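Labels for the chains are A, B, C, D, E and F, by order of writing; each one numbers its residues from 1.
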């Protein structure tokens, strides 16, 4: 697979991934990951200062499912619309069977009765498995610029 | 000759506290900009100890960070000798913010505008062209002859570092921090901060559209935890029917909620807990896997230190939550997650994993964020109504159960004292 | 013995209405936050009937919606028996917003924070741990013995559903809605709402950077329609030289503009209408294809019901426009487009197509949005100047033509009455 | 035509479409549609609740032209700059000769003397005719998250 | 009989100026909304000449632009006869903004709402349906019989165009602009504006989160330039040890800083200038390549004209910086870069290239933007503290060196005079 | 090279370009340009009114390097996070050896302690040299809608 083909495959994966989130099909979200994948949402500040703390982290696919169950059944938050914009997807390298994929993103949020605002922006630093099967994330690290989160960050980014 | 008795008018900023006392909280305390201004002056810039950071954030000479006390921006520095200083972030010349970075290391503080230099203690050490500039063989301009560096330092706050935790006060007459806490509160404080070196795990930050006092109330309110938090309740992390207590210092301003993890089982109490889901299980239970690390069996100890700090222990996730008011309708909440230098690799992982419970995405704390924002919206619906705070009675006593709002009443007792209100005065 | 005559001081919030009376509107009414606060108190929370929705939005038991009256958030519910209720959206416990969704169906209202439960009438029905929690063989905590559910319901508003339209008032002494309207206004109201079941066509929402009163003035102002709206004028949908009238109730607060579609032809009047374009044609005339559906020939009937509702008929496009003030400088405009359950397929299409004239993208209403925002910017240029409202004289009489500002004067007559101003008092 | 080629063609169409709008070449706007096309801008709320009301709708190409004429000659509104960002374009299916195309979008608006703000965000749910001729929209439905429109929505999205 | 001497209370808006006089500036002048409102009234809408544009922006009859004086929106027009007018942008009818475009050409001003027409002098020339509309054989509606177009024009300001630069005032009793400036300031003004036709190079605009007075102080402060601006200092464009002077008019409100390009060399003065980098070189020195164009050797002449204009010459980059206050905490800064019609191709390039020094991305002015925003943040840290403005003494005299804050003191002398403060009054 | 291939190459160039800026690798910025390139950031207002003034302009690669040195060593400004979103990249023509490339962009800015905001939006109007070597900008003109710049514009767009 050429880098160009890998980029297309990664873009397709990201396109489906964000529209899944924007359409609130949360139950499908873990299925964008391999069985051994991990997921992490980190403030850029912690990355820069060498701190490991994540805002949201799933060490296993089980934790991703638990996160979804908790969002659906155990969390109290107001309904909101999210809209992801993913741009400038780039293959930055390979690591074993995975491609390293980087992209810029912004999440726009619309709360009831309010204007649409930039809720969160940053970059994706992903490892994507592009084998024979469907492309999946082996690792997804979301590094966000928006250090001061307005309200709460409930839905994965 | 008639005697006229002047009855003191218990009004502050044109407002009178409800006659029921601290069993009521009038909603204008969350909304009125004048009350907010008074809080800044009498509480945050008044006789209180305010959390500004952990020593572990500033390990080396020259390390500094910027933060705020109330809405007053301050600089925290560690000087050449290793001493800590807290300084108002306002240049003595023409008022510019001196320190513009969130953190860093520098052996001096230099204002960008005219490069006045201060040492890490806040003393003015240099003023460019103070003596003027050469004009032929003499000098012109510069500062008047009576100018003295000593008169123009940064405003210095009183500082006390307590077992690794740094507090500051605008009031230089403050008693020592331990006296300010009282022995009961000190006990819980020292339980976490026993002098062992701390380790920064990382930061998360939120801006909540709610008055800062709602954050304090939330943590002083064990009642909600059994009801609002499905996650806590279902996994027995915090339940009204577990062994627990609510304690306060003598003023009522500080308090602690103490509880223990129980089983995920139904009980007489669960009938009141609509949130309880007995069949709730995790795909990956390692999320909740914890380890006993303190001398007692308490797994939840939430301490509120008046006026701006929450010390959080939820199993093994430890954090300082610093409250930074941003006007009556918003505050920033800074979460400093920490552990101990002595944590082994496993413990580091545990803390990171459990951090999923807290912060802006916390499986528990998201509910609180929502509740606080909903309160701010709700109270604005009718600012002249009052909260009804009578759970567990109308007094402010320590209790050994969770079905009480005593610590909220205690908080407002102290709040009224500091602002000058006379709660429950006959009208 | 001398008689002292106390002359009432016609100042409200430190403001005096211009001596010319309602032929002037001082621009500070659109700008001053104190005036805004007074409006909320004396108008929206005072003796007025406020539109909160259509019955068709809440057909079933348990249906609810949230909206506002002025800036007070309320819940509209339909209870088990089918009765409608309007409740302040503020928990009786500690003030949280109780209902957090724009609409839904639920047989109870539960506050998230401590799960106090209310029925759909707003009565408090349950308080968790009210009786405390078991501690061995007794119970600790909970509410004091004198606590009564009956004392802690949600604040209830007076409600009247009128032929499918729901109104509410904070004032429980309000006369019936029909009396509030007066017979003239009732005639036009009943023309649209004759009891036939209504059908929701859909919603659109705008936030306009203008004072809420500018929206009311706009609809009470037939003068602008012939001039501002090229589209209306060119297609004869509304023209100053057509048969028309402006009518008010006795207070002046409510009014109606009535007109008929004419031809797209030049006339004596068009010389004054710079907007008139005689050669304007549509590529697809189906946009304007309408159908007679009311008993009279009137094609434009715009009714303003004090203080927050516009009932719009423009040919076959029917809508409730609800005005939600957001401070002095902005309001939300919610358009509830509706039809009748009896509409056939063709009529449904007609209504959808004609909806292009109205709303945030309306071929007509875009102009009004612009005009209102430009007024808000313009009045701020000099807050102490006055609008000159003398078109058609200085009185507030009904007129059978369009070249008059009489309904604006009527509106301010009633506005002054409600706020306490004495327009035209000698100074 | 492969799905990948269809995606490229749809992207090209969308690129030209939004830059036409951003450059205010309104007269060209109807030409992005087939002769039997329809266009509809709908609040997400109405879509979710099953209401048919659109904020702006054109049942025919004639109505599109009428909309343009009205904007140019019959509407009063202040000049503004718009900037569309279209991302995550995805082929979601086929329907007869048309491809179903979904994309996320944001429209940024700059009013004179004001900062640039997110004016409207949501998704495109389009049917695109990709035949031998130039690609065109057979149907374009704009479903916006930004329920509360700040000011007015004059220019098509 | 006792004589009572009433000592005037030097308080304005409840505020008292510090007793040290203009050697102090209390920080509330940058923060208090009441002070801001007073400034609008007494300064911008008071007896001052305010810059509104260049004649070169409006070369033809019918050309217009919109701008503001303080926060009052105005229209600048050139009428049929070529005369300039400045008009408040508020319709005489019901207050709409009349002119909605930043610039354009039109032979009349027409309000959109009801199409009242004004000529370019601001006179009302037409009111649609003024005489009513035909109803059979008579007319109904329209304006009362005593209505006169003459009574309802736009508010007109006094205007003076001075060698291509347009100034306006709300005060029609203003002295001629040259008298307002005084001869010293006139000399520098005429140095740039000698009557040669000007050429617009282009615009850039910034919104800065700082009080408008901080922009004025910045330009009246030669002290900072030698310290803050590494670029200026390193390339010798502006250095404290160069030949220079600070001059003011008699009021202190206007001032000029004059300096000359020197060498990039170390000196006695550079020891005080930490910013000096002797080895700083450019890859492409054409950036700084300039050309002598004025009668003297001065390469930096920065003139501040009270209350809202900065005339900038930095080598060959010329600009008007217009200050538009947006509340106490922000202002818009509009940079009108210009040259002369007579500029040859090379000079046009030079001006464009040197423009890199200024504006929102300016290699020099970025530093100032940062400094001003940092001052606004810094002063808010303690609004009751004062700036210490004693560099070069406590007086307001002209100086022939750069190590002085004399022009800032001069500015506040005049500011206090206009607002009614008594700086230095015994308390 | 087909137009489609040119588009891919231009996208790759833009992807690398913006991520270089977002990651503050300023020293690499001039290397995205040919040796004879020029760079210009212009308010849309000036472009429309025919004024030549740019907010930032580099007539030569040397000036670009000087700009970087000045930002690093001679300019005083607060640290901020920037995030570019580049969308709708389009080949609009050819000019000699260069392709004309147009794209929409938004720059989101996060200042310490503040929410993420749209800082600047507009379009790129570039000339890109796509020869045998690495693709480079021969000319880059940034035309921004956000006429009123909030604070300052320090980092190239």
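Everything that follows uses one rule, which is that contacts are C-beta pairs under 8 Å (C-beta built on N, C-alpha and C of every residue); 3 or more make two chains touch, one makes a residue touch a chain.
This one's a predicted model, so the numbers in the text were calculated from it and none came from an experiment.
Among the remaining chains, those touching chain B and also chain D are A, C, E, F. Looking at chain A and chain C, the chains that touch each of them are B, D. When the CA atoms of chain B are superposed on chain E, the rotation angle comes to 120 degrees (nearest 5). Put simply, the chain farthest from chain A by mean CA position is E.
Greatest centre-to-centre distance from chain B is found for D, with centres as Cα means.
Mean C-alpha positions place chain C and chain E at a centre distance of 44 Å. Put simply, the C-alpha centre of chain A and that of chain D have 27 angstrom between them. Inter-chain spacing, taken between the CA centroids of chain C and chain F, is 49 Å. Residue positions of chain A touching 2 or more other chains, listed in rising order: 76, 78, 85, 87, 106, 112-113, 115, 117-118, 147-148, 150.
In chain C, the residues that touch at least two other chains are 100, 102, 112, 207, 228, 332, 367, 370-371, 374.
The full set of touching chain pairs reads A-B, A-C, A-D, A-F, B-C, B-E, B-F, C-D, C-E, D-E, D-F, E-F. Residues 72-73, 88-98, 100, 110, 112-115, 128-129, 132-135, 140-144, 147, 152, 155 of chain B touch chain E in their complex. Note for the complex: chain D touches chain A at residues 4, 44, 85, 87-90, 102, 104, 106, 117-123, 145-148, 150.
Listed in rising order, the residues of chain A touching chain D in the complex are 8, 12, 14-16, 18-19, 22, 81, 83-87, 106, 108, 110, 112-118.
Contact residues of chain E toward chain B in the complex are 25, 27, 217, 223-224, 226-228, 240-241, 268-269, 272-275, 367, 370-371, 374-375, 377-379, 381-382, 385, 387-394, 399-404. Within the complex, the chain B residues that touch chain A are 102-103, 200-209, 228-231, 234, 277, 280, 282-284, 286-287, 332, 337, 348, 352-353, 355-356, 359-361, 363, 366-367, 369-371, 373-374.
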